[in-house]
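This report refers to the structure that appears directly beneath it.
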Amino acid sequence: MDLASFVGIVSGLFLIVSAIILGGDVHNFYNAPGLMIVLGGTTAATVLTFQVGDVIASFKAAYIVFLTNKQDPNDMVSTMLRLCNISRRKGLLGLADVKTNSPFIKRVCLLISDASDEQIIRATLRTEIDSMKMRHFIIQDVFRRMAVYAPAFGMLGTLIGLIQMLSKLTEPESMGQAMAIALLTTFYGSLLSTMIFLPIAGKLRSRTMLEVINLEIAYEGAVSILQDNNSLSVYEKLSAYIPKALRNPMPRPDSKNSRTRK
Amino acid sequence: MDLASFVGIVSGLFLIVSAIILGGDVHNFYNAPGLMIVLGGTTAATVLTFQVGDVIASFKAAYIVFLTNKQDPNDMVSTMLRLCNISRRKGLLGLADVKTNSPFIKRVCLLISDASDEQIIRATLRTEIDSMKMRHFIIQDVFRRMAVYAPAFGMLGTLIGLIQMLSKLTEPESMGQAMAIALLTTFYGSLLSTMIFLPIAGKLRSRTMLEVINLEIAYEGAVSILQDNNSLSVYEKLSAYIPKALRNPMPRPDSKNSRTRK
Amino acid sequence: MDLASFVGIVSGLFLIVSAIILGGDVHNFYNAPGLMIVLGGTTAATVLTFQVGDVIASFKAAYIVFLTNKQDPNDMVSTMLRLCNISRRKGLLGLADVKTNSPFIKRVCLLISDASDEQIIRATLRTEIDSMKMRHFIIQDVFRRMAVYAPAFGMLGTLIGLIQMLSKLTEPESMGQAMAIALLTTFYGSLLSTMIFLPIAGKLRSRTMLEVINLEIAYEGAVSILQDNNSLSVYEKLSAYIPKALRNPMPRPDSKNSRTRK
Amino acid sequence: MDLASFVGIVSGLFLIVSAIILGGDVHNFYNAPGLMIVLGGTTAATVLTFQVGDVIASFKAAYIVFLTNKQDPNDMVSTMLRLCNISRRKGLLGLADVKTNSPFIKRVCLLISDASDEQIIRATLRTEIDSMKMRHFIIQDVFRRMAVYAPAFGMLGTLIGLIQMLSKLTEPESMGQAMAIALLTTFYGSLLSTMIFLPIAGKLRSRTMLEVINLEIAYEGAVSILQDNNSLSVYEKLSAYIPKALRNPMPRPDSKNSRTRK
Amino acid sequence: MDLASFVGIVSGLFLIVSAIILGGDVHNFYNAPGLMIVLGGTTAATVLTFQVGDVIASFKAAYIVFLTNKQDPNDMVSTMLRLCNISRRKGLLGLADVKTNSPFIKRVCLLISDASDEQIIRATLRTEIDSMKMRHFIIQDVFRRMAVYAPAFGMLGTLIGLIQMLSKLTEPESMGQAMAIALLTTFYGSLLSTMIFLPIAGKLRSRTMLEVINLEIAYEGAVSILQDNNSLSVYEKLSAYIPKALRNPMPRPDSKNSRTRK
C-alpha cells in the first residue's frame, strides 16, 4: 500500500475513534447481534448476487491494487519507443526475444513477431483491452454492491431493534438503551459502506482508468511499429496521452543501452 | 443452485433470524395486513408494469440461472477451435453434422454450412446476440422494478399504520404496539428488496455479461472460420476474451478425438 | 386492457383497502385539502413542464396501450416473408396494392413500389423508427415526471400540516389527529406515484421496446426485399429477433393463400 | 406564455394557498431568516457553480421559452419543400435571396448559395445543431442545479433551526413554534424546487427536443437540396420526423404563391 | 477569481451567518469532535479513494479555475483564422515560428510545420483532447466524491452522538443539548457538500465543457489549414461552435497587423 493511503485510513479511523472516546464509553458501540445482521446480511446478499469465487477474487484484486504502486504512463511511452527502435533495427522478428514483465507488452511483441495480419493484431489487442475493462468493472461492481447492501442491512437491523423495543414499551426506562442499540446497526452499515467499500470501489475505478491509458499507449505503439513510423512521430502520438506538465521529454534513441535500460 | 449461493442465502437468513431471537419474540415480526399490503401491492404494480406472462417468465429464468452453473469461456474457445479444424479438413459443409447442445453454436454451424453470404451470417448472429441482451435486460428489469416497488409499498403500509394509530391517540398505552406493527411493513418491503429482488437482479446481470462474452467468442470464431484463419491465430483472437490467469493453453489439434471430446 | 393487468390493479387495491379496513375506519383516509394539494400541485407542475396538449396526448396514449394487446413479432416476420414472396413473384411494383392495417408496413410497401432509391428508403424508415422512439420517450416522460411530482407535493402537504400543527401546540389533545392528517398527503402522493404513475411509465417503456423490435424486423425485411434475398435467408435474418423458444417455424411459402392469410 | 401553462401555475398555487388557508393562518408561513437562508444560499451556490452572466442568460432563455409558442415541424417541412422547389427552378444561387426569420434557415440558404463544398455544409450544420444542443444543455443545467441546491439549503436551514431550538430547551412551551419555523425553510426549498426550478428545467428540455427535430428536418432538407432530390422524396424523407397523425399532407408545389406563402 | 463568484460566496455565507445570529448564539454551532469526524473522515476516505497526490492536484486545479477567467471561443476562432492566413501566405512551414501562449495551439503549429502525415496529426490532437477530458473528469471526480463523503460522515457523526446520548438517558435535562451537538455534524457535512464541494465540481465541469469547445475549434481549424480551405469557409465552419448572438463578425484578413494583433 502506498504510504498516503495508509496514513489516510489510519488518521480517519483515529479521528472517529477519538471523537467517540471524547463523548463517552466506547463499549456502547459494540453489539454482537447488530454486527451479525450487518456482516451476515451483506455477505449473504453479495454471495447471492455474485458467487463466492467472484467475491474472493475481488478482494484479492483490491488487495493487489493497494499493494502495488500505479504505473507511470511515461514508462509505457519509453518502452514502446524502445520496441519501435528495436523493430526498425532488427525487423519485426527482433521483438520476439524482448524481455519484459508486463504480460500485455509480451503479448504485443509475440503477436507482431509472429507476423500476423495487422487487422488480427489490432482486433486481438482491442479485445484484450475491452475484456480487461469488463473484468475490472465486475470487480468494482462487487464493492459497489456491498456499499449498497451494508447500509440496507444496517437499516433492517435498526427496524428490527425498533420493532422489538416498541413491542415491550411497558418498561420505558430501558427505552433509551434499546434505541441506542437499534441505531448501532445503521452506524455499522454506514461506516462499512463509507469507510471501506466506497473508497475501495473508487480506488479500483481510478486505477482502471490509469491502466486503460497505459494499454491504449501500448496499443497505439504497436500500431505505430506495424506502420513503421519514425521515433519522433511515435513519441508525439503516444505522449499525447499524458498531461503536458507530467510529460517526460523524448528519450535519446541510444541504441546501445536501450535493450538493457529496463 | 451452486452450493455457495445456497450457503450464502441460508447463512444470511440464519444470522438475521438468530439476531431477532436474541432480542425477543419472533412472533412480533408477523403481521397479516402488513404482509398483504407489501406482497399484494408489489405483485399488483409489477403485473401492471409488465404482464402476468412476463413476470412468470422472469421467475422461471431466475430459477434456471440459479440451477445451472456458469459456462467457462475456455470451453467455448476450444469448441470454436474444434469447429475451425473441422471446417479446414472437411470444408464448410462439414459443419452441418456437428453435434452440440448449445442452440447458438448449432445455429452458427447451420448458417455457415448453408453457404450463406458472410454479410448475412454476421448480421444474423449480431442480431441474435443483441436481442438476447435485450430479452435478458427485460428479465432483470422485472426484478429491479420489484426491488423498487417492495420498499415503496412497505412505506405506504407504515404510513397507513401511523395514520390509524394517530387517529385514535386517546389510548396511548397501545401506541408502542401500533407503531411496531406500522414499522413491520417497512421491514417486510426492505427485506424483500435487499435479500431477494436486488440479489436476483444482480445475479441475472452478471450472468448475462458472462453469456455475452461466450457469444462474442462464438461470433468471432464463426467469422474466423469463414475467413479460413489458422488455428493459432484463432486461438490468439478468441483467448483474448479470457483473463490471462484463467486462460487454458491452446488444445492440441488432435483430429482423432476432437469430434468426440465433447 | 388485457385481463391480467385488470386483475393486477383490482387485487392490489383490494389488498390495500382491506388492510386499511382491518386496522380501523376508512374515512380517516379522506382529507379534502390534502387531495387538493397533491392533485392540484401535480397537475400544475406537469402542465408547466409540458403543455396541456402533451399531457392529454400522453393519457390517451396510455389508455390505448392498456386497451390493445401487444403484437407478436412472429406475425411481423410472417408478414415480411409474405411481402418478400409477393415482390419476388410480381416485382417491387406488386407491393403497391398490398392490404395491411399497420401504417408502417403500408409505408414500407409504398416506398418500395415507388421505386425510390434504396438509400432514401433506408434513411426514411430509420428516421421513422427513431422519431417514433423519441415520441414514445416524451410520453413516458410525462408519467415519470408525475411520479416525481406527486410524492414531492405529498411531502409539501405534510410540511404544511406539520407547520400548522406545531404553530398551535397549545391544544395538545388534537395533536395526533392533526399529525395523521398531515401524513395523509404523503400517503396520497406516494400511492399515486407507486400505484399509478410508475407502472404506467414502466408499461409504456416495455411496450415501446417491443414495438421497436417489430419495426426493426420490418426494416430488415424491407432491406431484404430490396436486396432480393430468398425466403430462407430472410427468415433466418428476421427470426433472429425472436427468442429461440418463442420462434414460429418458417411458414410454407404457399402463394395461394399468402395474400389472404392476414 | 401559452395560456395552458399560465392556467397551470395559477391554479396550482391557488390550490396550495387555499389548502393552507383552510388549515390556519397564512402568516405562519412567512419567516424572514428562513427565506434569507434558502434564497441566499441557492443564489450563492448557483453563482459559484456557473457565473453571474450564465445564470442571467439562463433566466432570459427560460423567459423567452415561456413567451414563445412551440414551432410546428410541419412548417419546417413545408419551408424546406419551398426551398427545394426554388433551388430546382432557379438553381442553388436562387436561395441567396430567400426571406426567412429563422437564422438557421437563413444560414442554410447562404451556405448552399455560396456554392460551398457539400462536405463542409454538412459539417457546419451538424456542428451548429450539436453546439445548440450543448448550449441548451447548459441552460437546463442551471435550473437543475438550483432544483438541487434549494432543498439542500432548506434542509440546512431546518438543521440550524433545530440546533438553536434544542440548545435552549429550558423553555419547552416555545418548542412547537420554534420547530414550525425550523421546518419552514425545508418547505421553502422544496416548494421552489418542485414548483419552479424542476418544471422550468423540464420545459426547457422538452422544448430543446422539439427544436432539435426542427433543425434535423432543416438539415435533411438541405442535404436533399444539394442532392437535387424531387419534391416527393423530400416530402417522404422529411415528414418521417412527424408522427403519422399530426403529419400535414404534401403541399401542392404551386410555384406562384410558394414564395409568398410564408 | 472573477468578481461575481466572489460576491456570490461572500453574500451566501453572510446570509446564512446573519440568519444564525438572528436566531441565537453562534457558538452553539461550534463543536470540535463533530468537526474532527467530518473533516477527518472526508479526508481519509478521499485519500483512500484517490491518492494524496491526486487530491492535492485537484485542489490546485480548482484554485487555478477560480483565478483565471474563461476563454472566449471568438478568440480561438480569430487565432485559427490568423494561422490559416499565415499558412496560406508562407506555407505550412511558416507556422513553426508563430508565438502563442496556449500550449495546445503551439503543439498544433509544430505538428503541422513538421510536415507530419495528416492522419497522425488528427489522431494526436484527438488523443490530446480526449485525455484532457479524462484528466478533468478525474479532477471533478475528487470533488464529487468529497460531496458524497462529507454528508455521509456528517450522518455517521450524528449517529455517534445519538447513540451516546441515548445510552445515558438517566439525565434527561441534558438531552436537548446533546441532540443539538449530534445534529451539528450533519450540519457540517451538508454545508461543506452544498456550499463548497458541489459548486466546485459543477464549476470544473462547466469550465471543461467550454475548454473542449475551444479545443474542438482549434482541431477543426488545424484540419482546415491542412486542407488549405479559404478564410471564409474556415470562418463559417469554426463560428458554428458559437451561439449566433455571441458570434464576432469575421475579422478582416488584414495581413499587416494579423501577426501582431495578439
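Letters A, B, C, D and E mark the chains as written, and numbering starts fresh at 1 in each.
Everything that follows uses one rule, which is that a residue touches a chain if its C-beta (ideal position, glycine included) is under 8 Å from a C-beta of that chain, and two chains touch if they have at least 3 such contacts.
Computed from a prediction, not measured in an experiment: that's the story for all the values here.
Asks: Using Cα averages as centroids, what's the distance between chain C and chain D in whole Å?
Replies: 25
Asks: Between chain B and chain D, what's the gap in Å when you average each chain's C-alpha atoms?
Replies: 40
Asks: Chain adjacency by touch: line, ring, star, complete or other shape?
Replies: Looks like a ring, each chain touching just two neighbours.
Asks: Beginning with chain D and moving on to chain E, name the chains as they sit around the ring.
Replies: Read from chain D toward chain E, the cyclic arrangement is D, E, A, B, C.
Asks: Going by the contact rule set out above, which residues of chain D touch chain C in the complex?
Replies: Listed in rising order, the residues are 2, 4-5, 7-9, 11-16, 18-20, 22-25, 28-29, 70, 175-177, 179-180, 183-184, 186-187, 190-191, 193-195, 198-200, 202-203, 206, 209, 213, 220, 229, 232-233, 236-237, 240-244.
Asks: Quick check: in the complex, which residue numbers of chain A touch chain B?
Replies: 32-34, 36-37, 39-41, 43-54, 103, 111, 114, 116-117, 120, 123-125, 127-128, 131-132, 134-135, 138, 141, 145, 148-149, 152-153, 155-157, 159-169
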